[in-house]
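Per-chain numbering from 1; labels A, B, C and D assigned in written order.
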Amino acid sequence: MCSPHKGLIFTAVKLPNKNMANITELNQLTTQVRRDILRMVHKVNSGHPGGSLGCAEFFVALYNEVMELKEGFDMDGKEEDLFFLSNGHISPVFYSVLARRGYFPVEELNTFRLINSRLQGHPTTHEGLPGIRMASGSLGQGMSVAIGAAQAKKLNKDAHLVYSLHGDGELQEGQNWEAIMYASAKKVDNLIATIDLNGQQIDGSTDHVLHMGDVAAKFKAFDWEVLSIEKGNDMEAVIEGLQKAKALSGKGKPVCVLMHTVMGNGVDFMMHTHAWHGKAPNDEQLANGLAQNAETLGDY
Amino acid sequence: MCSPHKGLIFTAVKLPNKNMANITELNQLTTQVRRDILRMVHKVNSGHPGGSLGCAEFFVALYNEVMELKEGFDMDGKEEDLFFLSNGHISPVFYSVLARRGYFPVEELNTFRLINSRLQGHPTTHEGLPGIRMASGSLGQGMSVAIGAAQAKKLNKDAHLVYSLHGDGELQEGQNWEAIMYASAKKVDNLIATIDLNGQQIDGSTDHVLHMGDVAAKFKAFDWEVLSIEKGNDMEAVIEGLQKAKALSGKGKPVCVLMHTVMGNGVDFMMHTHAWHGKAPNDEQLANGLAQNAETLGDY
Amino acid sequence: MKKYIDTGKKDTRSGFGAGLAHLGRTNKNVVALCADLIGSLKMDEFIAENPERFYQIGIAEANMIGIAAGLTIGGKIPFTGTFANFSTGRVYDQIRQSVAYSNKNVKICASHAGLTLGEDGATHQILEDIGLMKMLPGMVVINTCDYNQTKAATIAIADYHGPVYLRFGRPAVANFTPPDAPFEIGKALLLQEGTDVTIVATGHLVWEALIAADALAEKGISAEVINIHTIKPLDEAAILASVAKTSCVVTAEEHNILGGLGESVARTLASKHPVPQEFIGTNDTFGESGTPAQLMEKYGLNAAAITKACEKVIKRK
Amino acid sequence: MKKYIDTGKKDTRSGFGAGLAHLGRTNKNVVALCADLIGSLKMDEFIAENPERFYQIGIAEANMIGIAAGLTIGGKIPFTGTFANFSTGRVYDQIRQSVAYSNKNVKICASHAGLTLGEDGATHQILEDIGLMKMLPGMVVINTCDYNQTKAATIAIADYHGPVYLRFGRPAVANFTPPDAPFEIGKALLLQEGTDVTIVATGHLVWEALIAADALAEKGISAEVINIHTIKPLDEAAILASVAKTSCVVTAEEHNILGGLGESVARTLASKHPVPQEFIGTNDTFGESGTPAQLMEKYGLNAAAITKACEKVIKRK
């Protein structure tokens, strides 16, 4: 499970020791990330805690266990794995994990959604935040981008992988299906696209808003390799699933990971409901949420 | 096979006698339609004969055997079946069949693609041509429109059906998949969407341009009722297939008809190739094509 | 000078919601569509009262526009609702072909337009939608200034047959137009008479223009203020009549100065009566996260900026 | 007056094809993408020579823009090719977020722009693409006038880092610019010096402007002709310098007069030096089927129309 880590990036920050990363440490980091998410959105009374909390294990695993990353950050990202966040509204979890992985100072999380910040409401390259290679926020565009980056890697004879994350509601956007059709037709097998199957979107459950039926069957009908992570909020399960996905890559098909998560995971009153998709906790709710996620690596 | 016909429209034109419509008469009409198509595109040295020729049986069957149509034409189309052509470039077959069904004078086919004509390169409501309820030409939009019209029928408690036609290459447009996902989720079961599976698009075969895999499996994974017409250029098979589709409608699912046709059908040198997707025959080729489709109901 | 009273801050999108609810009760042909943003668009009341006339499309704006166009066939009057960005740029070609060119009776209703969307940032802050929609032949383009006007416009466009783009916003702003004022498409409203400079403002900037006119009056400058709620068709006569008096103009919009109201006015004047003009709008830049007020200040879209522009343009006469 | 010689009619899109083929040989980072319109875009030569650097996307323009944006990550310089309508309106939000706002080095190359697309009709004849693209912060917008200039521009934009929209057309038109002229983004070309009126023309209308200038000269009117191949960034200095002499201007573009080059010029002049302006372009209407020449005649986009507009605007000084 312990893949070789290509070292820390930029600043010396409180990171689990990469050479002895273990599940406990990754879980501690995840708890800290949950605190960061809650504090970020609370401070500006805006942003998207629900999807962020549900994807905390995924981001922590990806950036601290799964991806091969170079030291430093450049836009081209040659000779390293790349990640694209298509459902840009869950920027809080992305920012927290990037910061705690060393891409930029953890203190900068304090500037989330404030004017003149590099931590825009939705991730952007426009303000030069290290770790971000593409703006997102308008849904449905990230898979195409990830495919392009994956095809550039092939052209560059760079054997690294491209990862992406997409919301389940986001899959209602047709551009995804253009990309899904293309990726298998053109054998983009260095792409691992994960779907955050939390069953929720803004106006309710996906079943209620626009029933999506069997998502696995859809990807299979579009000739993808499909695997599921049933416990998307269990660190071991997430890592195992992503490692399996890695093993399936390079065999002629793009790989889809259907990751079942709980929206709002880790904060009881936020769980299993769309209500916290894009709503910040008030002071009392914040205290409650933080109490459920005790400080591990130190608040920013 | 002989459905009741709701009468002729507008002008008295050479139509097969509706009360004794039989396959021979419909085939004669189809041959005449093929002549019309060739002569229309030849005259202006532009337009799309390939897909048009391949869909001649479908259009003739739809307008002369399958759809329930009112006398006259109004935009709302209440209490009659409706048809939407999404792949608007095959306007020649649409115009010919509409004219020969009586929607407008057959002589007007002479004005195809000329300036100040109602017969625009792609079908439009903008010039007031009877029979057209929506502009098309930019691909991928027609299924959404057909769904809207079908849902309006439900709201109006109008039990008639909505038909639509789409190219196979056209299915590469993501908007289709938004519509496909929506139609089953919302149980739009008064919609019969036919796909012209001719295996060709502009730059080559669909396999070559963007391999589409198993189209039936895709529609099924999106929870549609799917049926195939293996012989899309056989009048009996087309009628039978569309009647089957009718029988499947109203049962909670939208119905997809995968119609296997031959691009350029009926003109040997145009068949089985994308080369004639959007190219007009020269004088000699026209003569050759017309010789293969002897006049039946009289040229315009 | 006329005095305009803010009767209490309200968001324009709630005016849309109230207008739509009214239509739900009074016009059985009105149907509503939404792409997973019911709450943001304030459509709840219409939906609760007319569940059978509401279509939840999911996150698929292109499909929404097409379905709306299709619903008109059969006599429905569809009102689509999503953010301004996803109402226009996301679906431009769909609107172009299936609505504008096909002349379908679709009302495209767009919230969260412009910088005042706030914290979500640039991906959501469209500053080009007025330009996008005004270029479509036959499209009516409306940008209302407050709650009351948005409600009135929502009700009015149901009675107009043809494609309409109705733009409104997220934050609570001054509500100052009369609640009973009828909304006349294409008819500019002269809010303040003046002789030195004409301010042609739309949307959230109308209130700012009134504040600017007050500030200018204190400096002895007489500003005429026109509320140009309809950007297309543009009330050219009203603008020309005003400029005939004042000989200079400031346009103010929550939009890129490229392509928007300002350029429509510049074209009109260049064709008929060229005069100096200053452009209040974003200066060809993307927005960013921040509070609405911070952003309007940073990007120069408030009363202070309008006041300065008026002083500048008068000097240029 | 300078004499310009038509060295033989050629389509501008073939200039693009030739430029792209040249880049295929000289710049290993250039890749090309197409959405099922290889022949129309004249990409065959590039593809034949560099099959591994070509991406056939199929009929999925949104995906094409996203893939192009992704390809820049890793150092590629993607050139996307489809019709102008499907290059812009179809994918506006994708260009906005994944290309313009993300500042990706994508070249959006668009053929069959405007009325001269001809017989396919209005659904394909986009007359708003200049406006669409000019509103995007950071986007360079180019509309070339002939084969040689299109080829030169295609080659030049590969050396510029950032998003570019390159617009060209379908029909064979006069080829009159020097084959060896370097293409400088944003630098207007003074084709004809004059004192009575400035004609600012772009794309297919540059040649028409030159014919108009000849016709005007015969009537004793001295027209200055500017080839404004780059609409954004606009060479304001060149336009202002010319208008300082002539005090009036005619803009000419194969585009809606709403939102296009004409309005950019009107804004510039209203801000700096207001003068009478006449607008040659389509007058807020969709196109239709017909031959290019018939359409340009019917919609008033030719030398005769420019000549008339010049005479009119001079009277308005």
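Convention: contacts are C-beta pairs under 8 Å (C-beta built on N, C-alpha and C of every residue); 3 or more make two chains touch, one makes a residue touch a chain.
None of the values given here were measured: they were computed from a predicted structure.
J.: Can you give the shortest number of steps from chain B to chain C, where adjacent chains in the path must touch?
T.: Between chain B and chain C, the shortest chain-hopping route counts 1.
J.: Comparing centres built from CA atoms, which chain ends up most distant from chain C?
T.: B
J.: Using the average of all C-alpha atoms in each chain as its centre, how far is it in Å between chain A and chain D?
T.: 41
J.: State, to the nearest whole Å, the distance from the C-alpha centre of chain B to the C-alpha centre of chain D.
T.: That pair's centroid distance is 36 Å.
J.: If you average the Cα atoms of chain A and of chain B to get two centres, how far apart are those centres in Å?
T.: The computed centroid separation for chain A versus chain B comes out at 45 Å.
J.: Chain A: which residues touch two or more other chains?
T.: Residues 124, 126, 135-138, 172-175, 178, 181-182, 185-186, 210 of chain A each touch two or more of the other chains.
J.: Do you know which chain D residues sit against two or more other chains?
T.: Only 57-58, 60, 62-63, 85-86, 90, 93, 96-97, 101, 122-123, 286 qualify.
J.: Make each chain a node and each touching pair an edge, then name the shape: line, ring, star, complete, other.
T.: Shape = complete; every chain linked to every other.
J.: For the complex, which residues does chain C have touching chain A?
T.: 34, 36-40, 56-60, 62-63, 85-86, 90, 118-124, 286, 288-291, 294-295, 298
J.: For chain D, which residues are in contact with chain A within the complex?
T.: Touching chain A from chain D are residues 31, 52-53, 55, 57-58, 60, 62-76, 78, 93-94, 96-98, 101-104.
J.: Considering only the defined contacts, which chain A positions touch chain C in the complex?
T.: Answer in residue numbers: 44, 46-47, 88, 113-117, 119-122, 124, 126-127, 135-140, 169-170, 172-174, 201-203, 209-210.
J.: Within their complex, state which residues of chain D touch chain C.
T.: Result: residues 85-86, 88-90, 92-93, 96-97, 101, 122-123, 127-128, 131-132, 134-137, 232, 256-259, 262-264, 266-267, 269-271, 274-279, 284-286 of chain D touch chain C.
J.: Under the touch definition given earlier, write down the residues of chain A that touch chain B in their complex.
T.: That would be residues 172-178, 181-182, 184-186, 210-214, 217-218, 220-223 of chain A.
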